[in-house]
Each structure stands twice: as C-alpha cells, then as structure tokens.
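Two complexes are shown next, each including chain A; its partner changes from chain B in the first to chain C in the second.
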Partner chain A sequence: MDIMQLVVSGLANGCVYGLIALGFVLIYKATEAVNFAQGDFMMLGAFITIWLVNAEYMGLNFWVAVPIAIVMMGIFGYLLDVLVVRRLFGQPQIAVVILTIAIGFVLRFAVGAIWTHEPQLLETPFAGGIANVGGIVLGYEEIAVIIVTLLLTGFLFLFFRRAKLGKAMQAASQNQLAAYYVGIPVKRIQSLVWALGGAVAAVAGILFASKGAIDPSTGLLGIKAFAAAVIGGFGSLPGALIGGLIIGMVEPFAAYALPAGYSQIAPYAIMLLVLIFRPAGLFAQMQNKKV
Partner chain B sequence: MRFVFKRSYDDDIRLFKHRPQMFWYLALLVLVVALPWLLDDFFLGEATNVLIWAIAGMGLMVLTGHTGQVSLGHAAFMALGCYSNVILLQNGVPFIIAFPLAGLITGVVGVIVALPVLRLHGIYLAIATLAISVLSEDIIVIAAPWTGGVSGLSAPAFDIFGVSINRYGTPDLFYFLTLGVTLVVLGAYRNLMRAPLGRAFVAIRDSEISAQAMGVNITKTKAISFGISCAIVGMAGSLLGLFAGAFNHETFNIVLSIQLFLMIVIGGLGSIHGAFFGALIIGFLPQVIAMTRDGLSNIFSLGSVTIPGIESGVFAVILICFVLFEPLGVYGRWVKIRTYFELFPFYRKGMFKRQKSFLKTERMK
Partner chain C sequence: MSLLTLENVTLRFGGLVAVNNVSFHVGEGEVFALVGPNGAGKSTIFNLISRFYTPAKGDILFNGETILNKRPDQVPSLGIARTFQNIELFEQSTVLQNLLVGRQRHAKNGLLSQLIFSPSVRDEERRHRAVVEEVIDFLELQAYRDKYIAGLPYGVRKVVELARALATEPKVLLLDEPASGLSVEETQDMIFWIEDIKKQMGITVLMVEHDMNLVSAVSDRVLALADGKELAIGTPSEVQSHPDVIKAYLGGTGGAKE
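Let's turn to the complex of A and B:
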C-alpha cells in the first residue's frame, strides 16, 4: 500500500504541475510566446484568493471568492497583454521571454510587499477531510485537485479542437499573416489567450494553496512546470498534463528509492534527456506541412 | 560631423576607428588605473564587484550577444570556475596556474555540455540551460566531499609571486588583479571579434542558413562559442568566489543566471560596451536604492523602512522599460544620442527602426 500512497500523492502534485504547464502551453500554442512568469501568475492567483477568503483579510465565502479570483486573474492577464506584452508584437520571441522573466520578478516583489513573505495557507471548506478508498488515505484537497485538473484539461482540449475561438487561436499562432487574411483579429485573440492563461493560473494557484502553504517564491515552481511542459511537448495540452503527472510521480519515487539529494535532480534530468533525444517532446506537435 | 575615410581594408578592423576615440579610451584607462587613489575602500570594493560582473557579462555576451544563443544557465559555469579555482588553490596549486586552469576546465566542460544542448533552438535552448542551472545547485550539494556541500567553501589566502592578495587586507591589489583580468579578457574579446572566428559567430547570429552557405560549420562554431563563453564566465566565477570569501550552492543559484542574462540585455546585446554598462547598473543599483530610500525617509521622516527584495523589483521594472522602449539597451541609447549630434541636424526618427515581422510557428515545418 506504500506504493499506492506514493502514487496518489504524486498524482495530486503532478496535477498542479500539469495545470501550470497547461498555462504555458496555452499561451505558447496561441501566441508562440513562452510566459516565464506563469508560475508567478499562479502564485498571484493563490494570494488573491487567500486575500479574499482567509478570515484575517476579507473573509468571504469560499465559493463566492473562487470565481471572483479567477475572473480577476483573467482580467489581469488581459490587461497585461493589452498594456505591456502587445507592444512587442512583431519582435523576436526572445524579447517576450525577457519581458515575462522581468514581470515574474515584479510580481514576486509586489506580492511579497503586499502580503509579506510568510508562507500562508488557503482556508478551504474541505480542509482536513479524509476519504479512505480501499485502504488508501486521500485528502479531500487531493481529490479536488485531481478532478478539477482532469475537467479543465478536457475542457481546454475540446475548446482548441472544436470551438471557433480555439481554432482561431491556433491559426493566429501558426501564421499571423495568414490569420489576418482570413479575418482573425490576431491581437485581440492574443489578449484573450493571456486572459485564459491568467484564469488557468488562478485555478492552479487555488488548488496549490489549498494543498499546502504558499509564499511569494513559490512562483519559481514554474521551472518545474516547464519541465512538465517540455516533456509533454510544448504545444500539446494533454501532453502538458501527462508531463506534469510524470514529474509528479517521479518525485516521490525518486525520494523513496534514491539517496537524499538525488531526488530533486530527477525531474530536470528527465527534461534534459527529453530535450536532447526528443526535442519535440513525447507528444510531438511538429508536423510537416501538407501541400 | 566627422568623416572617417577608409583607405585600406585594414581600416575596417582597426581597434580604434580614429584618433579621438583612442584618446578617450586611453583617458578611461588612466582613470580606471587611478581609481584606488580616488576612492575609499568601500567604493573600491564596489568597483571591483562591477568589474567582476563585467567579465561575466563579456563571457555571456560572446554567446548571447554575438552568437545569438540564449543561455539562462551561466551561473552553473560561474560555480564550476569558482569551485575548481578554490579546490586547486587548496591543493597547493599557485594562483597564477590555478586561475587560468579553472577557466580552461570550465571552457572544456562548456564544450562538452554544448554539444548535445546546442542542437536546440531559441526558447528550447533557454529552457535547457535553465535546467542546467537548477541541476548545478543540486550537483554541488551531492559533490559534498569536494565542494563542502551546503556549508560551502571559503576562499583560501593566495599570492602572486610572493605578493599576498586579500580582498579586505589589500583591496587595491585585488582591484588591480580584477582590472588586469578584465583588460586581458577585453583585449582577447575585441581581437576575437576582428578575427574570422568572431565574424563566423556574428554570421550565425544573423542567419544560420547564410552562415552555412558561406562555409561556416554551425555546430562546431557554436560549440567553440559556448566554450569561450564558459571559460570567461568561469574566470569571473573564480574572482567572485575570492571576492565573496565564502560561498556555497546558493551563491550561484538560478537567480544569478537570470540576472546575468538580464544584465547584458539592459546593457545592450551585441556590443562589448553593453557588458560594462549592464555591470555598472547591476553593481550600483543596490547602493542607489539604499541612498534613495534613506533620502526619502529623511524627507518624510518615516524612520528606516526596509522592503525585502526591492532590488530585484526595481531591477525588473527597469528591465521592462528597456525591453519596451529601448530594446538595444543603454549602449543603443548612447549610440542614438551620439548619432544625433554627429549628424546634426540630419538625424531622422526612423534611423534605428527595427524590422517587424509576422510570426510563424516553429512547429510546422
């Protein structure tokens, strides 16, 4: 049963990584830019929720606060694109990378200045609840994390496959000029994607903060989510989730099987191997143009 | 307006374009050499710090500014240089051998790392090097028998030809040591960019396909660039270790990597000047912030307010402003101002306008 317990805790962690990775992939898939601040978005979303929910701040009802926080992060993402990122439209990708790294620094500083650098825990109605499924002890938070992640990934996957807006987003990324030709408002689409990225980050943040305490430097977790996105193949939504799950699963097992110190290396080592031997990731998006 | 007439092909690769330029650089050199007599020990230490950052910046500039390969993991190589230098010193190797050897080790390791990693492009390369930086912290902890693990190492006393150099005891000697290394690296870098190899770097940055068409071996040249870059950064790391006195795995963390990269972006990618401007900003920013804070709290009598992490916050805001409004960095701004006066009154607004292009995905070939 020890093994099963490890699997379950790995699953829950992996889902959070997967959710952050989902944010990366969303923005990359639709704007070809990599948002290095996605981890910090998640952290900001978590802190906004903590600020709304926790008794020492606003003390709102959890179920009222969560949609507000998600919408706020969506607006934040939208405004960030309209006011800042859009100015780099048409410039090399690396400019956006530098910009988002800097935004990450600013967010970490701002959150630390507003809500202090102390680790804080989100007060959720399902905190402390435990379900015993066939001998495996599951916290309610872990169940919530797994369910929400699966639902969200499925929703986004279908959104990009079926919805007109989702297809427009993919088109805008594949060839901006051609997208303009067929009448897609590329810039507005990109802002909407940033809003979506912000909202997904908020969900990830809420789940993360309900599982364990969060502090401003948690944003650096984004790097681990990077590993997840790369393993899954940057640009594939289910790939991001599976990459996250792989990272989440590898961690507890590495900690279990390997001597201390080696276990932190495992996720990055896997990522490097994937990058070197299969740069397109496990779920390759690379394809040759059909003529 | 000044007209420089070129009379031979050598004029294109001369170190100094014209005499006034030579004069100003010599004046700068005199000023830099005279600094220990002009500044007190504290500011001399700061100047040394700036020079170390400038060396590291030049190292990364070779790779990012001139070869166009983004690395977010150069702190790992700083760490490698630092640790190998100190370990060599501890084993009785004299500094004059240990220091270049540390650079060489870092360079060789850099080439070995580069061969698989440099197959990646753009963002993927950035992510891979980021992973290297994260990994290096853990590797330092694992290699505890050599590196001292979490508790770290402290730099031993060292001397050059019997003259003992110490950051606190003889700050002026340490400054001259750093200045000497800076000048050597600067000279080597400047000459590299005049040589065929340096031109091959720039050709790769501007277009890999056309570089290949001109007969440049892309893989080999990129690997050499990575190696040179790592060697220089390794030397900067060694100096930083000696300067800091004590260091452990957290000294060379991922934030340092990113800061190094951001520094050369602020300074101005693609110019050696950029490394120095960036180093000046990163070196003096904490002092400027502290002075501003003290000044403000004196004016408004707030008492001493400390906001943790304000340095990186302000640094990031400056960076955002540069990326948005002056992508060419401080050096780019300086060139624009100079051009304005040189061409007065013929400067046009669009002279430095960058070409914008519509993006296409890299996932469809």
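Let's turn to the complex of A and C:
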C-alpha cells in the first residue's frame, strides 16, 4: 500500500503542476507569449484566497471567498494584458519573456511585503479530514484537488469545443487577420485569455495552499510546471495536464528511491529526455490532427 | 441604389499619399472592379473599408451610414465579407470548421446552454450547418469538407476563403485578387462563380484584380487607379481604352492608339 500512497500524493501534486502548465499553454496558444509569471499567478491567487479566508485576515466564508479570488485573478490577468503586456505588441518574443520574468519577481516581493514571507496555510472546511478507500488513506484535500482538476479540465474541454468565446479564442490563435474578418475582436479576446490564465492559476493556487503551506517563493514552482508543459508538447491542453501528472508522479518515487537532492533533478531530467527523443513533446502529434 | 460609397477619401502614410481624394459608389447587385498598377492604392482601399486604416479625410458609407465609427471586428456583422490576396485561413482547422467560424457571430445562446449543448443551441447549430452545406455544394468543396487547410493546394484554399466569406451571408463581398495564383481552368471557374454570386445570390461584389480577362468577363464597372488617384471609371472596355490608363500601364506619353 506504500506505493499507492505515493501514487495518490503524486497525483495530487501533479494536478497542481498540470493546472499551472495549462495556464502556460492557454496564453501561449492564444497570444504566442510565454508567461513565465504563471507560477507566481498561482502563488498570488493562493495569497488572495488566504487573505480573504483566514481568520487572522478577513475571515470570510470559504465558499464565498473562492469565487471572489478567482474573479479577482481573472481581472488581474485581464488588466495585466491591457496595461502592460499588450504594449509590447510587435516586439521580439524575448522582450515578452523578460517582461513576464520581471512581473514574476515583482509579484513575489509584493506579496512578501504585504503578507510576509512566512509560509501560510489556507484554512479550508475540509482540512485534516481523512477517507479510507480500500485501505488507502486519502486526505480530503487530495481528493478535492483531484476532483476539482477533473471538473476544471472538463469545463475547459467543453468551453473550447462548444462555447462561442472558446472557439473565438482558438480562431484568434490560429490566424489573427482572418479572425478579425469573421468578426472576432482579437485584442479583447487575447486579454480574456490572460483573464482565463489568471483564473486557472487562482484555482491551482487555492488547491496548492489547501494541501500544504505556501510562501511567496513558491511561485518559482512555475519552472517545474513549465517543464510539464514542454513534456506535454507546449500547445496541447491535454498534454499540459498529463505532463503535470508525469512530473507529479515522478517526484515522490524519485524521493523514495534516490538519495536526497537527486529527486529534485528528476522532473528536469525527464524534460531533457523528452526534448532529446521527442522534441515536439509527447502530444505534438495529436495537436496536429486536433486542436 | 448605392450600397457602398467612398466620398473624397484620402489616406497618407507619412509623406506618401496612398489614397488621394478617391470617390466612387458601388450599386446594389453590381460587380465593381478596382484595377491599376502595383502601389496604386487598391488593397489600401480594401483595408480602409475593412477599417484597418482610418482615412485622414473623407467618409465611407455602407447603406447610407458611415462605417468610420466601427472597429475591424464589427465590419463583418454589417454584411461586409472579404478575402485576402495572400489567403488568411485557420490552418489547423478543417474546411467545415473554417466556414462555421464565419457563422459564429450569429450565435445567440448563453454560455451555459452552449456548454451543455441545449436544444436551442442544437437548432442554431443546425441552421449554421445548413447554410454552410449550401455554400460547400455551390463551390463544389464536398471532397474537402473534413480536410485540414494546412494540407490543401493553393487553388482549393482560395476557394475555401471565398466559401468562408459567403458563409457569413454578406451583402457585399470584397475579393482581393481572386484569380492570382490560379490556373487558367481555375480562373474560368472563378468567373462562373462570381457571375453566380451576383445573379443567383444577389450579392454585390467589389474586387481588386490584375487579370483583365476576368475583369472584363464579370465586371459591370471598373475604376482604374494610379498613385492613389482616380484615372478613369466606366465599363471594362471604356476603361481599357482610356488614354490615361494605357499611359499608366505602359508608361507611354499618351499617344497610344488602342
């Protein structure tokens, strides 16, 4: 049962990585910008929720606070595009990369200045609960992470397949000029994609902070999620999630089997292997046939 | 009656006057062609109507109302569709998907009913399908319906772009060099289609074209431009024989006989 325990905790971590990677891919597909602050978006979303929920701050009801935090992060993503990122339109890609890395730094230190650099835990209604499923002990938090990830993935799947807005986002990412001429307001759509990226990051942050303490430097986790997105084939939404799950699963097993220190290398070693043997990522093939 | 009107439109790029005080009107049901050497301002006029550029002077009217207060993405919903000289399609989508995207502006249902694919969404989707299938039949694209654009030959893409424009059920169709890059046979097909678009569908056509064979075959009136200025306007044969037009094309001194 030891192994099952590792699998479950890996799965729960992997879901969070997968959701951050999803944010990377969403924004990359729609705007061709890589948002290296995606991990810090996640961290900011977590801290906004902690600020709203925890007794020492606002002390709001958890179920009231969560939608507020998600909407706030959505607005944050939208405004960041309108006020900052859009101004680099037409500049070389590297400019956007450096910009988002800088935004990440700013967020980390701003959050630290507002809510301190101490690790904090989100107070959730399901904290500490334990379920025993067929001999495997599962924390309620882990179950919640897995269920929420599945629901969010399902929602995004339907959103891109059926919703007018989701289709408009795909169209704008494939050909901006053509999108304009079928009546899609391309710039607004791109800002809405940033909003969606922010909202998804908020969900990831809430999940992360409910199953373990978070501090501002946790935003650097984004690098691990970036590796997940690369493994999945950067551009494929299912690929991003599965990339996240792979990294999440590898970590606990590496920690279990390898000497301390080496386990930290495992996710990046896998990314390198994927880049060497399948440079377009695991799901690149699928992406060509189906977007 | 006039459907699309340009009144004394002028556009400058820095010191270059790309469009210089150009006026013309396109009547309902008419096929109107813009001709002229490269750099004459033909495509710029298209981009003005598509609202990518805003004129420094003058007005552009559609159905008697100015469109200068519209954004580029609002132009299609007025009933103005267009194609591009260099073909702008959604490459990683199928032909069918490309045509359906053009219909999405007609979507009326809310997000939730879209997600659960409610009966009203289903009905709407069916109507879109019906229109799109008609266009596919009309342009004989059945064989390519589920093919991805990225794998299609140039001539077929050109037709797909025309199909996407038609699928939006426009009142006026802007065609930017519909025959460029097409073989003689494909150009012949294009001539038939433009005639049918005019006669059967009653859609007004404004086009930019170099192929004088196609222009004379389908156009009711032709406007010749050079250096952003109007040279001549009239029937295809009138314009072709106009001395200023011959001069602009051949660089002669105006003594040509034709």
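Here, the second predicted complex is superposed on the first by the 284 of 291 C-alpha atoms of A that agree within 3 Å, B and C clash if a C-alpha of one lies under 4 Å from a C-alpha of the other, contacts with A are read in each partner's own complex, and residues count from 1 in each chain.
Note that a contact is a pair of C-beta atoms (placed from the backbone, for glycine too) under 8 Å apart; a residue touches a chain by one contact, two chains touch by 3 or more.
All values derive from a computational prediction rather than experimental measurement.
> Output check: A:Pro185 vs chain B and chain C. Expected answer is one of first, second, both, neither. What do you get?
second
> For A:Phe283, using the defined touch cut-off, is the partner it touches chain B, chain C, both, or neither? Pick first, second, both or neither.
neither
> With both structures superposed, pick whichever of chain B and chain C touches the larger number of chain A residues.
So, of the two partners, B touches more residues of chain A.
> Between chain B and chain C, whom does A:Val230 touch in the aligned arrangement: first, second, both, or neither?
Only chain B; A:Val230 stays clear of chain C.
> Using the superposition on chain A described above, determine whether A:Lys164 touches chain B (first), chain C (second), both, or neither.
second
> By the touch definition at the top of the document, which applies to A:Phe253: first (chain B), second (chain C), both, or neither?
In the superposed model, A:Phe253 contacts neither chain B nor chain C.
> So, A:Leu177: does it touch chain B (first), chain C (second), both, or neither?
both
> Just checking: does A:Tyr140 make contact with chain B only, chain C only, both, or neither of them? Give me first, second, both or neither.
A:Tyr140 contacts neither chain B nor chain C.
> Of the two partner chains, chain B (first) and chain C (second), which one does A:Gln91 touch, if any: first, second, both, or neither?
It touches chain B, and chain C stays clear.
> Which residues would you name on chain A as touching chain B in one complex and chain C in the other?
Dual-contact residues (chain A): 174-175, 177, 180, 288-289.
> Residue numbers of chain C touching chain A in their complex, please.
Residue positions touching the partner: 50, 52, 71-77, 81-82, 84, 88-93, 101-102, 104-105, 107, 111, 114-115, 117, 121, 148, 164, 168.
> For chain A, which residues are in contact with chain B within the complex?
32, 34, 84, 87-91, 93-95, 97-99, 101-106, 108-110, 112-113, 117, 173-177, 180, 220, 223, 226-227, 230, 234-235, 261-262, 264-265, 268-269, 271-272, 275-276, 279-280, 285-289
> Could you list, by residue number, the parts of chain B that touch chain A in their complex?
Listed in rising order, the residues of chain B that touch chain A are 70, 116-117, 119-120, 122-124, 126-128, 130-132, 134-135, 138-139, 141-142, 254, 258, 261-262, 265, 307-310, 312-313, 315-317, 319-320, 323-324, 327, 354, 356-365.
> For a test of understanding, state which residues of chain A touch chain C in their complex under the given definition.
Chain A residues touching chain C: 155, 158-159, 162-165, 167-168, 170-171, 174-175, 177-186, 288-289, 291.
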